[in-house]
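Read from first to last, the chains carry the letters A, B, C and D; within each, the first residue is number 1.
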Amino acid sequence: MDPILNFFYEHQQIIYMVILMIFLGIEVIGRVPSVLHTPLMSGANAIHGVVIIGALIVMGEAASDNYIALILGFLAVVLGTLNVVGGFVVTDRMLEMFKKKRH
Amino acid sequence: MDPILNFFYEHQQIIYMVILMIFLGIEVIGRVPSVLHTPLMSGANAIHGVVIIGALIVMGEAASDNYIALILGFLAVVLGTLNVVGGFVVTDRMLEMFKKKRH
Amino acid sequence: MSASILTIIYLIASVTFILGLKMLSHPETARKGNLIAAGGMGLAIFGTIFLYESADGRRLGNLAWMFGALVAGGIIGTVISRRVKMTAMPEMVSLFNGMGGACAMLISLIEFNRIEGQIHLGHYIAIVLGLIIGSISFAGSIVAYLKLSGKQKDISFKGQHIFNMILFAVIIAGAVLTYNADPADAPLYFYATFGLAILYGVFFLLPIGGADMPVVISLLNSLTGVAAACGGFLYDNKAMLTGGILVGAAGTLLTVLMCKAMNRSLLNVVIGSFGGNAGASGAVSDSGGHYKEVSLSDAAMVMSYANKVVIVPGYGLAVAQAQHTCHELEKILTEKGVEVTYAIHPVAGRMPGHMNVLLAEADVAYEKLEEMEDANSGFKNTDVVLILGANDVVNPAAKNDPASPIFGMPILEVELAKTVIVNKRSMKPGYAGIENELFFQPKTSMLFGDAKKVLQDLCAEVKAT
Amino acid sequence: MSASILTIIYLIASVTFILGLKMLSHPETARKGNLIAAGGMGLAIFGTIFLYESADGRRLGNLAWMFGALVAGGIIGTVISRRVKMTAMPEMVSLFNGMGGACAMLISLIEFNRIEGQIHLGHYIAIVLGLIIGSISFAGSIVAYLKLSGKQKDISFKGQHIFNMILFAVIIAGAVLTYNADPADAPLYFYATFGLAILYGVFFLLPIGGADMPVVISLLNSLTGVAAACGGFLYDNKAMLTGGILVGAAGTLLTVLMCKAMNRSLLNVVIGSFGGNAGASGAVSDSGGHYKEVSLSDAAMVMSYANKVVIVPGYGLAVAQAQHTCHELEKILTEKGVEVTYAIHPVAGRMPGHMNVLLAEADVAYEKLEEMEDANSGFKNTDVVLILGANDVVNPAAKNDPASPIFGMPILEVELAKTVIVNKRSMKPGYAGIENELFFQPKTSMLFGDAKKVLQDLCAEVKAT
């Protein structure tokens, strides 16, 4: 029990942020029309590409002779970039379609 | 410039929370029908009564011979309570009216 | 230990505030939402009393005083708010909002006295902001309260707004001076700032017309939220912070939404452009134009033989407390096979939803209330429109006359109906303080008298026919 | 200094993510929202590269590698996603989602190797969670991708779900063991956990039918979000944390919304109840009942002389890539004075909004697309319903037959129309893998053949008449 309580106490800021983000995530897409489900999914998919930041950090902090780390990091960054770039481009293409409709 | 930047850095958690709360505040009441404007205002009014916590703290921390602080604190708590209790009761009464409508 | 439990309690409280506000904005869940938020609040309050530990690990003292204050405030609060008439709600909200502001203000005053030596800038800002905003919202709310309960007329003088701006600038200056001044005279500046803030609150509200009050109250409401948030920053208290900001943000949006509903820009509500003239109502009135009157019996006749009657309630109905009699008339007409509905203008009365609250109080069925849009589309096949103490909300000038102060505000287009019967006590204008050409149109006839009285007579007459 | 600028950059990024997602859920603003989020992302990425300082104040190194990776990923990403066919969008999303998962997974692997001595529990949890979730979503997404692109059939075996649960339990155990094991064998357990997580991802997806893929992809999508958030916790990086959680929450809600639209409970999507049979489509089909066929010319005739024709596009139209030809037919008919609209079922096709995307691609006017509700109310005064490669979404069993696996799913009630013409290649069932009694109803007639081919011929015929 105690350790958990302390965890709450120490990380309260983070916990707050997490909870608030959860609320926001739900509120923000609450009224999405089913037509937009796919683009929205794809957009969200692009956003979690933010994980690339982590990849950049590990790769940037890796000793320049630590090849495993470098290679893995390199891979991670490539994959992350794929997620980000691919995600946003695909979403944009889908929405282009909807755009057309507006007249 | 620098001090401001540092302020951001030191209080980033708080700043995040503030910004997220702003978003939430706006999102959450975004679709309120004009009929509910008054009860909503009144409800929000009750919620900011949370300021009473501050009043409790100052009053509780005041030395028990520091009468100015005690009296002011006492006043503060009374006023805060008025805000909270009055606010919620009034809101409830208003909504009672709307309740009736539902059949 | 207890500290971490308290954090969790505060976390729960914050969540209930968010949920509460969310539920408050949907008719079905509104009431529950209010209770949930209240629950969270109670939790936070008692959590603080019993679990709070100050930096040096001491618990809160002076519990006797505390509970005394809580009980006192609790009882007074409950009694007042149970007693108050539905139509006096805006005053009440304003009053309680003022209390909250005062609370924030007092906290800052006490905290200022507790300062020893050099203070961390962040804290000072929190204190002084709490003081300024708290005071403004306190003073402002009280003035608003006095105005709404008719104890205070609007006062506006030339260059008032420039004056206010200067005043505000001085307040800021005072706040800065206090921080930089040497401990000896800091208090001087501080209290000066305090006094000026109060003054500003008063002057800020003085010129604003009663019609704009709800908007301004909502504005003050969000201000108090910010004041509370300052406290949250000061004590690094998440519940206060989140609750305060939440209300600050929601309140601001709500204010804007209200303005939209009344077709005013927030700016000229604050500058009090037409609200200002409100006090001067009488002046404009009684000028030119021909209007015809209708006798009670004729009015009763026309309505009893109509297929569709639409009642347009307004501020007048509220002040006359005629909602029950109105419901009475509706029932009698319905029995006679007349289809009766109410056309509700979003800003009819003196607070948003005023008419809904009023009619709901008189047990009028929800289905009978028509929102403006639906009502407007229905008027063309309406035989009789009965206007009870409404004026601005049916003033065609809003559509036709670009010069009119209310031009652009959406109105109930009653002139589409076959006949219009207007009940009011005189030809005096409404809150906007302007002539209403509707009264002079051929299809309109006036039925003078206090709404309640007139409605009672109408009931009798209709029964008779 | 640079650290504080970076915080602000991250703050901005977080805000753009929230705004972006918000705008993405409104048709008018969706596209802008996507770009805004993208902008924020770019900002965050380059901010990190140039401003990030590790605990010991060093900047990031290996920039050459970094940019190499960025450029490589950027180019590949752009090319693939520009090339892909609109109808292959779900595969794409799934693929990119997998990349994200893999990224999170790799990060955890590297971080684990950087651990020296005893590690703070919080950090370990972040690492191992990132690994597990990342791996599951990576493996799962790849399987989903393979299935959607037809490279992989559904596989389900007895007690698969019990197996999965056990597997999951073992994974958790592994994670715990790793933490408590002595440094020597910790890696062993860790990599075992890793391998099992991958395995779990695969087994989790194997039984799920293609029809349920979009839902599952959305689920994996929110998982990846959580994995990203773990990274955020690990590096105390607010952008990752907020972005990750935001997607995690929104994704979960979206998953539920999708299920609603398909009238499935998330649980039995995951247990893959009917999606499972999908692979076995062929099996069920060709059984009993009488159906009549209609010749091209007759079909053309009926439509040309109809007042109102409603086209019901389905998955078949998509695979046949017949949207343009379909639009063609619509135009020809309209010229002939026939009123033509499209009835769009929310889950027609293989991804939500599939039909909208498809038809929009063919420049069909937005006004012509009718959502299910409107369409259903319109059918009774519709002369001809032309069903193009749709099946489940018009299967009356969903209304009439409680035994049916799709019972309860809202459908397009085409049988209300005067005549129904169904185009598909055979009597084979659709994704739900079930018979469709509609085809055997007297008012229905079949028009066999590939949608594109058939439509081309119809165009010709109609022109001729």
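Note that in this section a contact is a pair of C-beta atoms (placed from the backbone, for glycine too) under 8 Å apart; a residue touches a chain by one contact, two chains touch by 3 or more.
Keep in mind that what you see is a predicted model, and the values were worked out from it rather than measured.
Asks: Quick one: which chains contact chain B and chain C both?
Replies: Neighbours common to chain B and chain C are A.
Asks: Weigh B-D against A-D on C-beta contact pairs and write down the one with more.
Replies: Answer by contact count: A-D.
Asks: Taking the mean of the CA coordinates per chain, how far is chain C from chain D in Å?
Replies: Roughly 47 Å, centre to centre.
Asks: As a quick test, compute the distance in whole Å between the mean CA positions of chain A and chain C.
Replies: Result: the chain centres lie 42 Å from each other.
Asks: Centre to centre, by mean C-alpha position, how many angstrom separate chain A and chain D?
Replies: Here the centre of chain D sits 17 Å away from the centre of chain A.
Asks: Which residues does chain A have that touch at least 2 chains other than itself?
Replies: 14, 16-17, 20-21, 23-24, 27-28, 31
Asks: For chain D, give me the residues that contact two or more of the other chains.
Replies: Only 18, 22, 238, 242 qualify.
Asks: Hey, which residues of chain B end up touching chain C in the complex?
Replies: Residues 7, 11, 14, 17-18, 21-26, 28-62, 64, 68-70, 72-102 of chain B touch chain C in their complex.
Asks: Which bits of chain B are touching chain D when the two form their complex?
Replies: 2, 5-6, 8-9, 12, 15-16, 19-20, 23, 27
Asks: Once bound in the complex, which stretches of chain D touch chain A?
Replies: Checking each residue of chain D against chain A gives 13, 17-18, 20-22, 24-28, 30-31, 33-35, 37-38, 41, 44-45, 48-49, 52, 54, 58-63, 65-66, 68-70, 72-74, 76-78, 80-82, 84, 86, 89-90, 92-93, 95-97, 99-100, 102-104, 106-107, 109-111, 113-114, 122, 214, 217-218, 221-222, 224-225, 227-229, 231-235, 237-251, 253-254, 257-258, 261, 344, 346, 351-354, 356-357, 360-361, 363, 365-366, 369.
Asks: Across the complex, what residues on chain B touch chain A?
Replies: 13-14, 16-17, 20-21, 23-24, 27-28, 31
Asks: Which positions of chain C touch chain A when the two form their complex?
Replies: So the residues of chain C in touch with chain A come to 1, 3-5, 7-8, 11, 14-15, 18, 22, 238, 242.
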